[in-house]
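One chain, chain A, appears in both complexes that follow, with chain B as partner in the first and chain C in the second.
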Partner chain A sequence: MNNFFKTLLDRLLRRRRKVKIGLYGHPNSGKTTLANTICEDWIGKPLGVISDIPHETRTVYKQEEVVIEKDGAKLYFDIIDTPGVATKVDYKNFLKYGLSEREAKERAKEATKGIIEAIKWLDDVTGVLLVMDSAEDPLTQANITIIGNLEARKIPFLIIANKIDLPESSADRISAVFPQHTVVPISALHRENIEQLYMEMVKRFR
Partner chain B sequence: MRRLVILVHQCINCGAKYKSVAELSEGCPKCGGRYFKYTHKKRREDKSPGDSIETIMIHENGIYEINLTPLLKDDSIIVSDEEGKYVIDLNFLLKKNLKKRF
Partner chain C sequence: MEGLKMDFLSSKALEDKSSIEKVSMIIERVKDGDILVLEGSLTPSEEAELIETTMREIDIENFVGIDIHTLEKDEKSFFGFSKKKTIGLTIIGPANVMKTVKKRSNFLSMIAKIGDSGASVH
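So, the complex of A and B:
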């Protein structure tokens, strides 16, 4: 109810609403790569470090005051890159990347804390880019749970079918699983279809 | 880190170790010896509650340890049976946050 009056007051006073867009998704789906692409395009510097090892982002990174301008329309927002959301974290998965057992266990612990932190940030975001690896099966507990929760909270979101440059990718599979939501196929790494993403972002979150 | 010490009865004659005194009523089941000393079987390293993030630790099937600190602080359920292996109940966490919001 408080939000309703705040929004009404903002509109009456023609105040610009603070938009906070969170990047959510599985570990290694390309959230930080996408955050870096957006920040490099509109701020001129990347946001975080990327790596092949899952759970590289284990804490929330934020870039304030990003402005996207598309066809004369502007979207002002803060971008929030969150750690990958998973239901299981096993240190053994990190050993194959050359980490010692101690390092892998510490990474697993930090990754688990990061998942909790990412979920808590859902209270603060006003929009979400749900990033999925289009080469992987999108029908996972984490994806379904997040989408259900975003719907319940009435948080607008876009599904990003990332990694369309991979031969085994299929953005259509994601569209087929979530037909009621907008799916934007992109390659954050190779900047494929990024302009379309900016257009959809302005349309959805402005 | 703290050490967990398990005390056992050790047969002086053959060195076999027994957790329960009930099985020694007829002497040592191995050699029949009647004299035992009270000693440590093994020392197991255990984490202090401040180090751990899991709310439920499964020591073995049927033996659970509940860590109240993260449970009260974070409102999250993280189940673990080994350090570095965690299962997170996303639904519980999301529902808790959703209730707070409305």
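So, the complex of A and C:
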């Protein structure tokens, strides 16, 4: 198609439907790190706070009007960074990171609210990057529930096998468990394979 | 009396319950410390509902959430074309009771922790 019409078509489509891409996954899988990498690359500033303590993101953060351009194709979207989804939240797990008992309990309470908010947002997103820590077992209830709901709602998604820089990581294990879905191995922290991810995003969500 | 209570529910027992009834029945029992073994599986929206309800019920001291494990079975379709994986069993229990779970494709082994779990009623 000639470029003029393609741009026109892009504009029309954009007006009709706003693309909202949610970052979903377990606490600590690297959602905010990835959101920051994307925002730094295309907006010039990060989105949220990263921490090695799980449940750092406890409310949804949004960056509107991000544009990824890859080989002349453009993807216009809002990025939605959601709190990590889990089936349990035990404040005692936060104590070993040096939080006081009061801080840990407060964090746990906020984390439970954040998980509810993340699940509610499944009604609003039009695409999802499901971020997994590829050094961990991918077959968890949180991942199964997220994938099941995305499939039921026909929301397109990519599985992101993050942290491939870690020696114990295995993106293949994720592909083996979810063979019917596209798995993109990356390191959000060290920017490994990020260009490939942008290509896949433009392909999948545009 | 201290002990571990396990409830086994056949798919028949669940089939005429609404999603909301199923989820609240599960949560009620799990909050009591029971481990539930269900024949079959929950739907994705029931799973999401179950996680949401769990989050609302977590009370920091006594109930820290749930663990869910599933065992799949291969179901051959009528003509034997496609082999579809379906869930044979769903095991749901309180997170502080279900401690060690070893899982292979058709085998699941679990150690439950009773007492000093922080969930005791004293």
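The rule we apply is simple: the second predicted complex is superposed on the first by the 190 of 206 C-alpha atoms of A that agree within 3 Å, B and C clash if a C-alpha of one lies under 4 Å from a C-alpha of the other, contacts with A are read in each partner's own complex, and residues count from 1 in each chain.
In this text, a residue touches a chain if its C-beta (ideal position, glycine included) is under 8 Å from a C-beta of that chain, and two chains touch if they have at least 3 such contacts.
The structure displayed is predicted, hence computed values, not measured ones.
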After the overlay on chain A, what do you see for chain B versus chain C, clash or fit?
clash
Which of chain B and chain C A:170 touches, first, second, both or neither
neither
State whether A:123 touches chain B only (first), chain C only (second), both chains, or neither.
first
Just checking: does A:151 make contact with chain B only, chain C only, both, or neither of them? Give me first, second, both or neither.
second
Can A:109 be said to touch chain B (first), chain C (second), both, or neither?
both
Once the shared chain is lined up, is A:182 touching chain B (first), chain C (second), both, or neither of them?
neither
Considering 5-13, 23-31, 41-49 or 77-85, which region of chain B has C-alpha atoms that clash with chain C after the structures are aligned on chain A?
77-85
Indicate the residue numbers of chain A shared between its chain B interface and its chain C interface, in ascending order.
85-92, 105, 108-109, 112-113, 115-116, 119, 122, 141-142, 145, 149, 152
Going by the contact rule set out above, which residues of chain A touch chain C in the complex?
85-92, 105, 108-109, 112-113, 115-116, 119, 122, 139, 141-142, 144-145, 148-149, 151-152
Applying the document's contact rule, which stretches of chain C touch chain A when the two form their complex?
43-45, 47-48, 51-52, 54-56, 58, 60, 64-70, 95-96, 103, 118
Under the stated contact criterion, what part of chain B meets chain A in this complex?
53, 74, 76, 78, 83-91, 93-94, 97-98, 100-101
Chain A to chain B touching residues, read off their complex
85-92, 101, 104-105, 108-109, 112-113, 115-116, 119-120, 122-123, 141-142, 145-146, 149, 152-153
